[in-house]
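For reference, chains read A, B, C and D in written order, and residue numbers begin at 1 within each chain.
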Amino acid sequence: MSSAILLISCPDRAGLVATITDFIFRHNGNILHLDQHVDAEQDIFFMRVAWDLTHFALGRHVIAEAFAPIAQRFQMDWQLRFDDERQKMVIFVGKESHALYDILARWQARELPVDIPAILSNHPELGGVAEQFGLPFRVFPMHKETKAQAEREQLAYLETIRPDFIVLAKYMQILTADFVRHYPYRIINIHHSFLPAFVGAKPYHQAAARGVKIIGATSHYVTADLDAGPIIEQDVVRVTHKDSVADLVRRGKDLEKTVLSRAIYYHVQHRILVYNNKTVVFA
Amino acid sequence: MSSAILLISCPDRAGLVATITDFIFRHNGNILHLDQHVDAEQDIFFMRVAWDLTHFALGRHVIAEAFAPIAQRFQMDWQLRFDDERQKMVIFVGKESHALYDILARWQARELPVDIPAILSNHPELGGVAEQFGLPFRVFPMHKETKAQAEREQLAYLETIRPDFIVLAKYMQILTADFVRHYPYRIINIHHSFLPAFVGAKPYHQAAARGVKIIGATSHYVTADLDAGPIIEQDVVRVTHKDSVADLVRRGKDLEKTVLSRAIYYHVQHRILVYNNKTVVFA
Amino acid sequence: MSSAILLISCPDRAGLVATITDFIFRHNGNILHLDQHVDAEQDIFFMRVAWDLTHFALGRHVIAEAFAPIAQRFQMDWQLRFDDERQKMVIFVGKESHALYDILARWQARELPVDIPAILSNHPELGGVAEQFGLPFRVFPMHKETKAQAEREQLAYLETIRPDFIVLAKYMQILTADFVRHYPYRIINIHHSFLPAFVGAKPYHQAAARGVKIIGATSHYVTADLDAGPIIEQDVVRVTHKDSVADLVRRGKDLEKTVLSRAIYYHVQHRILVYNNKTVVFA
Amino acid sequence: MSSAILLISCPDRAGLVATITDFIFRHNGNILHLDQHVDAEQDIFFMRVAWDLTHFALGRHVIAEAFAPIAQRFQMDWQLRFDDERQKMVIFVGKESHALYDILARWQARELPVDIPAILSNHPELGGVAEQFGLPFRVFPMHKETKAQAEREQLAYLETIRPDFIVLAKYMQILTADFVRHYPYRIINIHHSFLPAFVGAKPYHQAAARGVKIIGATSHYVTADLDAGPIIEQDVVRVTHKDSVADLVRRGKDLEKTVLSRAIYYHVQHRILVYNNKTVVFA
């Protein structure tokens, strides 16, 4: 069984749900999941609906065309996806392995239905992990002076792969606005703090200095503003005065990998809509 | 602005959402919230939809009649509610005040839009709290030999009030199956454990004896089976070997009152559907 | 049974625990709880020790004198407390009742062994709540131009009470540095965000605008810097895109009152040491 | 810098802390961490103390002998450990890889300072994972009729390794009482429920059937009673009616691996004392 997924946002108006679900029903589709939300302050309508294609009267290549008039009438921002289309995910890493291992272990166990055409890094350290899983590993060294050039090379390399999205699995480099522009809302980062607290470098040191009683991790889409993109997922863990910075780092790693993997899961399942630098996550 | 709420469960079939939302749209209703769920294993469809009545073409007293043919066609189990109908909530208490204070403080602050025609207890201790809030307090003493008779008196008294639902706010008596039968899925209890762990008496003592690292509280609808009714809400808090039974009791109280109040909130807002001794909570 | 409590911080040195516990043991005291911590980066030693006074050889009025030479030798910053000394707690409130009710309900249930000589506000709204519990309520209106004068009157009034500490239970005024100076680390505030995120006004609006997936509340000692004092306790709750600002406010209230009450509990039990604008909480 | 660790439990008596810390101080040891606890109901004293060996007057091979008279005087149950002694950890697995990957990734990143002489399974599936990390993998097939014999072979094999402790990382076999007897409180299991709820087989199915709103995982020492040994660590995650059994399994895996890894960490750091089928975890 395959299913189609519509992701929609548009100005709120009466009749939206009725019209969309009637479209599916008229063509013999059976709705599997429907989730909608109205941002009452902004009067914006959001919807995710998934339906079974088994008896659907329209072939998957004509659905978009058939739906377009409705989309136009309601000024919809919309995407049509199919759950059996495998996506290409490229992973960027630094020197720390925990998030990478977590992703690859899930991929190996078929929990993440994606292809991983490449793992990129600015350091050679994690090449062995990529090798353990039989995956290509490419190093693009990054230095202040050569950063622009290195990013151009990364972009050229990615052009040969055409990834659907990119995951920064503790890649400790800041992407330039130019790089980000190539993959709008298609780069997922994990930041090791409970954003917006502790933006930027060394968040665990900042947390220890402030004496917080809870630390967190935040997964978000990367935008041109550092650590300020739309938040996808967050989680926290309780700490005490006994936890040194090293303890925060150790305990934070468990948060980082879990939060990042949840964000990837939502993204792969087309459960995320972005608006006003925020996300609607139909979890 | 007033709104109508439909709560529906029925066998799953194609066209359900389209038909229901078309009904609302055809009569000029604007959907405010729609939440649906399909239990894929049991093939049961659940839905809660709320719509604005401002421009709705049907008066509220004829909506049910107009909707009935649809309900019949799809074999729906359904309820129609209006968000501005004030419900009557009766509270049963024992000797502990924390849950009662929490409910009454919310009620006083207009967070809970209900009327409280009476507080019942088997002990006189909390009469003073009722008095602080200007509420009637009735004591029905309970002893093993007189329990049946006391319950009959309670039921007779409740008959004069006709409550929409009953909250057991740490009422430490077990209701008989006969009593429960009068208020099916209309009695909300708070049990001071993470059910199904530690059913019955002294759950904090049981938790301490078992050496658990987390304790919980569970709010559920009361059925004839002790602590086995449909769970509405649960929450937990981390404990350690340092916590004595007295500490568990103290820390558990915060869970109990919060979990119970959330359950009441969901119930009052008509967000709960019961099936197979479980709940669907459209939170 | 009464017990004595020593709270100590000093430069770390070998022999500290041995010397302190030997002092207690030599005078026939039985240790009930001992908790110590060394900040390894700063080389600071922290300790809280409580012992049974039943057979203790020293009367409580000579303990401090007997211990002073040890304290001097190790350059200790120390406090000696007795668990049966009832403290005077003054509560400041604004217009919202939830935190006040929560504190008073605990106090009524003898969960908080303090005296409450007065409740102060800049608004009359919560006078009725104070009255419900038979407590004095004093209004000190606050306007921009008269703030300095109003604070002087508050201080003069407090001088007649001599409170051990002050609780700001959603008192929506910023205390001046001058006021704070009179009660160093003796004013406990609740801020309705997960500090250091969303300092200042309208944190729930800020949280909604940033699109966070978790909101929090923070209890801290008030210092001259707004929302920047030593954090005592924090907690969080998960939210989604469905939660409007009004929902965040409603759900945040449960956090606020719980977190504030925990902080008060730790303070009353002499479980908190402050250093470097952080706290050690021997929970 | 190396440190020594004393883990002590004994009947509570005045002078215990003073005597133990004086022993360390007299021999020029500097205490790094000290944590103690008294179970007031049972009158049992527990302590973990770690001290720096750099200037300690006693060589590590004579410490035990020097401490023995104190231990005897207070009827102590005690262990002396050194933080730089590497332990041998054997892992048992079934067919699921998530917990194994999590442990091996930590071990690879030197977060877990242990040696892993072997990974055992009753199935061949995870041999590839062991190979990825260059670790020996041994299969001992288990069938109802041959279980006793297979366990004897496992025990014989383990005899050649002499592991310090065994981790059951989703090894879906029940160990016999005989096997357990060989490694008392040295076998760590992860059970995929919030014990004592949902003991035994298929806990996620049980959880779905009961309609709980939170699921959990529990790590415990294995005893002869199924899922009834001393609990080391637990954690939970919130679920809803939307989560199918497959979702519970997927989300539970994250709990399982995190909770198991925390338990291993505490065990390796000698932070756990067992008594009355409970644990004291000096976290």
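The definition used in the following text is that contacts are C-beta pairs under 8 Å (C-beta built on N, C-alpha and C of every residue); 3 or more make two chains touch, one makes a residue touch a chain.
Bear in mind the structure is a predicted one, so any value in this text is a computation, not a measurement.
Please decide if copies chain A and chain D contact each other with the same set of residue positions, more than half shared, or with different positions, and reply same or different.
same
So, comparing C-alpha centroids, which chain is the farthest one from chain B?
D
Between chain A and chain D, what's the gap in Å when you average each chain's C-alpha atoms?
About 36 Å separates the centre of chain A from that of chain D.
If you average the CA atoms of chain A and of chain C, how many Å lie between those two points?
Chain centroid spacing, chain A to chain C, equals 41 Å.
Quick check: what residues of chain A touch more than one other chain, meaning two or more?
Answer for chain A, listing residues that touch two or more other chains: 40.
Flag every residue of chain B that touches chain A in the complex, lowest number first.
14-19, 21-22, 24-25, 28-36, 38, 40, 238
In the complex of these two chains, what residues of chain C are touching chain B?
96-98, 101-102, 105-106, 108-109, 111, 132-133, 250, 254, 258, 261
Can you tell me which positions in chain C touch chain A when the two form their complex?
Going by the criterion above, the answer is residues 37, 39-41, 46, 194-198, 210-214, 216, 230-236, 240-242, 244-245, 276-281, 283.
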